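Letters A, B, C and D mark the chains as written, and numbering starts fresh at 1 in each.
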Amino acid sequence: MVDKSIKGWSRNEMAQKVALDIQDGAYVNLGIGMPELVADFVPEDREFIYHTENGLLGMGPAPKEGEEDPELINAGKKPVTAIAGASFFHHADSFTMIRGKHIDVCVLGAMQVAENGDLANWSTGEPHAIPAVGGAMDLVAGVKTIYVITQHTTKEGEFKIVKECTYPLTGQKVVDRIYTDLAVIDVKEEGLFVKELGPGITFEYLQEKTGAKLNQY
Amino acid sequence: MVDKSIKGWSRNEMAQKVALDIQDGAYVNLGIGMPELVADFVPEDREFIYHTENGLLGMGPAPKEGEEDPELINAGKKPVTAIAGASFFHHADSFTMIRGKHIDVCVLGAMQVAENGDLANWSTGEPHAIPAVGGAMDLVAGVKTIYVITQHTTKEGEFKIVKECTYPLTGQKVVDRIYTDLAVIDVKEEGLFVKELGPGITFEYLQEKTGAKLNQY
Amino acid sequence: MINKIYRSAAEAVEGIFDGATIMISGFGEAGSPIELIHALIDQGAKDLTIVSNNTGSGHVGLAALIENKRVRKMICSFPRTANSTVFPELYRKGEIELELVPQGTLAERIRSGGAGIPAFYTPTSYGTPLAEGKETREFNGTMYVMEHAIRADFSLVKCKSADRYGNLIYNKTARNFGPIMCTAAETAIVQAKEIVEPGEIDPEIVVTPGIFVKRVVEISNPLEESQLVKEGRSYPW
Amino acid sequence: MINKIYRSAAEAVEGIFDGATIMISGFGEAGSPIELIHALIDQGAKDLTIVSNNTGSGHVGLAALIENKRVRKMICSFPRTANSTVFPELYRKGEIELELVPQGTLAERIRSGGAGIPAFYTPTSYGTPLAEGKETREFNGTMYVMEHAIRADFSLVKCKSADRYGNLIYNKTARNFGPIMCTAAETAIVQAKEIVEPGEIDPEIVVTPGIFVKRVVEISNPLEESQLVKEGRSYPW
């Protein structure tokens, strides 16, 4: 179980850390769930353009209540808006943006990340689960920089950052950086490097909560 | 030399024969030169939609003098117009129409047609010629029906319909029917079959002017 | 005169045969041609292979087609969504097949089907279970998976405006798979919110040129899938 | 604030390096970015590989770039057209290389370059001299040729309207290779007849979404190539 006396970062703080690491003018695809929080923490002097794989570049915030349009949605099938300067396109063109390395940053959740950057985030591989992959495999294969945002361990305290993924992979050696409640960790050729420790988190504590060897810069 | 006393069909009559063989509602791509004449002989009760590979479906006739737009041209780079119901698109989409077998009929000129339907119409293969292929290879590979319209022999009286092409091929086994000044000839698995003889043309005369065996239906 | 306009959804789906492969546009309910799907249920064709991003929700539209046992196999990227219970139940019982395809690979396979490209290479899914049994190949130091085109006998597509030539424009993110599915089917069947005169759609803004469309039907007030799901409706009513 | 607008053609072509591969839009003069090409001549980059459907006409635009000995190699489908003398002369003298590609294959190779597809199969050119030395393969009883994607360091493209995000619309058949060339270059450089405010181009009619464009410059009265050829002009003037 996670020790409740250990503080770490809140979900919002994690999202803010991600936002600060994205450059002005970046084309960004945010996965469903916690990644969506990143849009709330864009620094005032930066402009990100959001891509949603169902055919919109220049996605704006959620519409006001009563102004939802069921034909203007994001990849999570939630109503959104379009900014001035947006564009709509079909799915083959949308994945041209993804597969063709035109999108700068994708922020995704994870079930497991391995020390070599392998990502598992689409299936537990259980025999009776309904497998569903969506655009995750295309995103990790095509987007220039892949950021994972996730709790450091599962609710049950199991490692999510591991030596080798046991769940089916979404992609091989694709993750560039991991943002958890406990730390920010770079995934490099030579292994995992701790970029920043959360408040009150020691390197030793972090290593205990991590299923792969961590390195210090 | 071609015997001037033998009548055969005029270029306009040849073009008219082609037009009569194209169904109402067909999507048609006309090559540069003699094929363009086909558009002048569309029967009144039929509507053809013309495709030009440089990005226009629904090409209309040439504009009036003084109304030419250098950005509204056909594949021969001549000014054209667009009908009500036309559409513009980029080159990859244009060749989706061609390669994807969406165009019903393409009418092309020929240097040589072989008895198995091989077509040579882009290069004499001479060492100092500047090779230029344009969209010809895509058209013969992708369009459902390929009609060739050509004089039966060269100006020098050389065979154009031959056992085997000596010029570099545009495509293998692609021609469906040949319209010449002397005859209309079907290209079938079993060989060349004379569908219609021009005025004053006998089968024997036609065979003399043809470098491959002709068959009668 | 070329006129691709059909008078009703029922007429527009005539000739769809048992065992056909059918592409159905839509990302969730956005762009899903619900009236055409209901007409297909009424029409009765069965043993179908359906290519669609999802598997429908509630008991209407695509979910109803599946629930009515017309579908032998689904080819899709995301077969479970909110309110999607019909497919998961049949799948767990082994009563329906699933070919799971990454969304971008699905789009490119459809686009290739329409463009006369039989196969292509993609980096997507390399090293994952979805690449198992597939050819792989290295280009410039990166590994790729070979994927085959998908073609269909019919596509059912929803759009915003159409003319008698079959030229189409779409509405916002309801565009999604519609344009590429029109190109990849022998017979693309389209429901439009309005049918307009040729030329009313500016040639510069046509999204689907008419060459890709065989049949068009006007459905001026299409049902809203999410509303029907909320009301607990099932098709046939 | 994202702002891709450059003040002049000269600034827009800064950084183009010797040995670069450059795609140039246009089908004949329609869509040819003549001011960007002239700025490139002034800029001086040489030993270039140019991907363009034709080789220019007269002694302006692309023909002038070639005539000024900046081009090592042309990749195109139709290198000779009316009033095209510069390329043929250099080619006969063996002073410029040519890779001849069927027009549809050229388009698809560029589109693939932009879409992250390293290679694909096409029926085009099978059994012809242009398939010599290329891999071939059978799918469903038909033979196909494997073709590789083309990518470029830069694309020079002409369009009708652009905004500061790089969203573009084109004019009639001047669209041709522009949209796919924007996708396939590291840096797509675009000359627009007008620059408008974001949102003035309806999101439904954007042809090139801004993500594919790095630099935009307004050239409100572009030269007409055919007019210059008629007048016998040569660049540099």
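As a convention for this text, contacts are C-beta pairs under 8 Å (C-beta built on N, C-alpha and C of every residue); 3 or more make two chains touch, one makes a residue touch a chain.
Note that the structure is a prediction, hence the values are computed from the model and not measured.
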Worksheet, complete the sentence: Chains in contact with chain B and also with chain C, listed by label, are D
Worksheet, complete the sentence: The larger set of C-beta contacts, choosing between A-D and A-C, lies at A-C
Worksheet entry | chain B-chain D separation of Cα centroids, rounded to whole Å | 29
Worksheet item: Approximately how many whole Å separate the CA-defined centres of chain A and chain D?
Response: 36
Worksheet item: Any idea how many Å lie between the Cα centroids of chain A and chain B?
Response: 56
Practice prompt. Would you pick out the residues of chain B that each touch at least 2 other chains?
Written response: 56, 82, 88-89, 92, 95, 98-99, 141-142
Item to complete: Enumerate the residues of chain D that touch no fewer than two other chains.
Response: 108, 111, 115-117, 122-123, 170-172, 203-204
Response to the item:
Per the touch criterion, the pairs are A-C, A-D, B-C, B-D, C-D
Practice prompt. Provide the residue numbers of chain D that touch chain A in the complex, in ascending order.
Written response: 1-2, 111, 113-117, 163-165, 167, 183, 197-199, 203-204, 206, 209-212
Discussion item. Please output the residues of chain A touching chain C within their complex, sorted ascending.
Written reply: 52-56, 69-73, 77, 82, 88-92, 94-95, 98-99, 118, 123, 125, 128, 130-138, 141-142, 168-172
Worksheet item: In their complex, what parts of chain D are in touch with chain B?
Response: 27-31, 53, 77-82, 87-88, 91-92, 98, 100-108, 110-111, 122-130, 170-180, 207, 224-226
Worksheet item: Once bound in the complex, which stretches of chain A touch chain D?
Response: 24-25, 27, 47, 49, 51, 56-58, 82-89, 92-93, 95-103, 141-142
Discussion item. Can you tell me which positions in chain D touch chain C when the two form their complex?
Written reply: 108, 112, 115-123, 139-140, 142, 144, 148, 169-172, 203-205
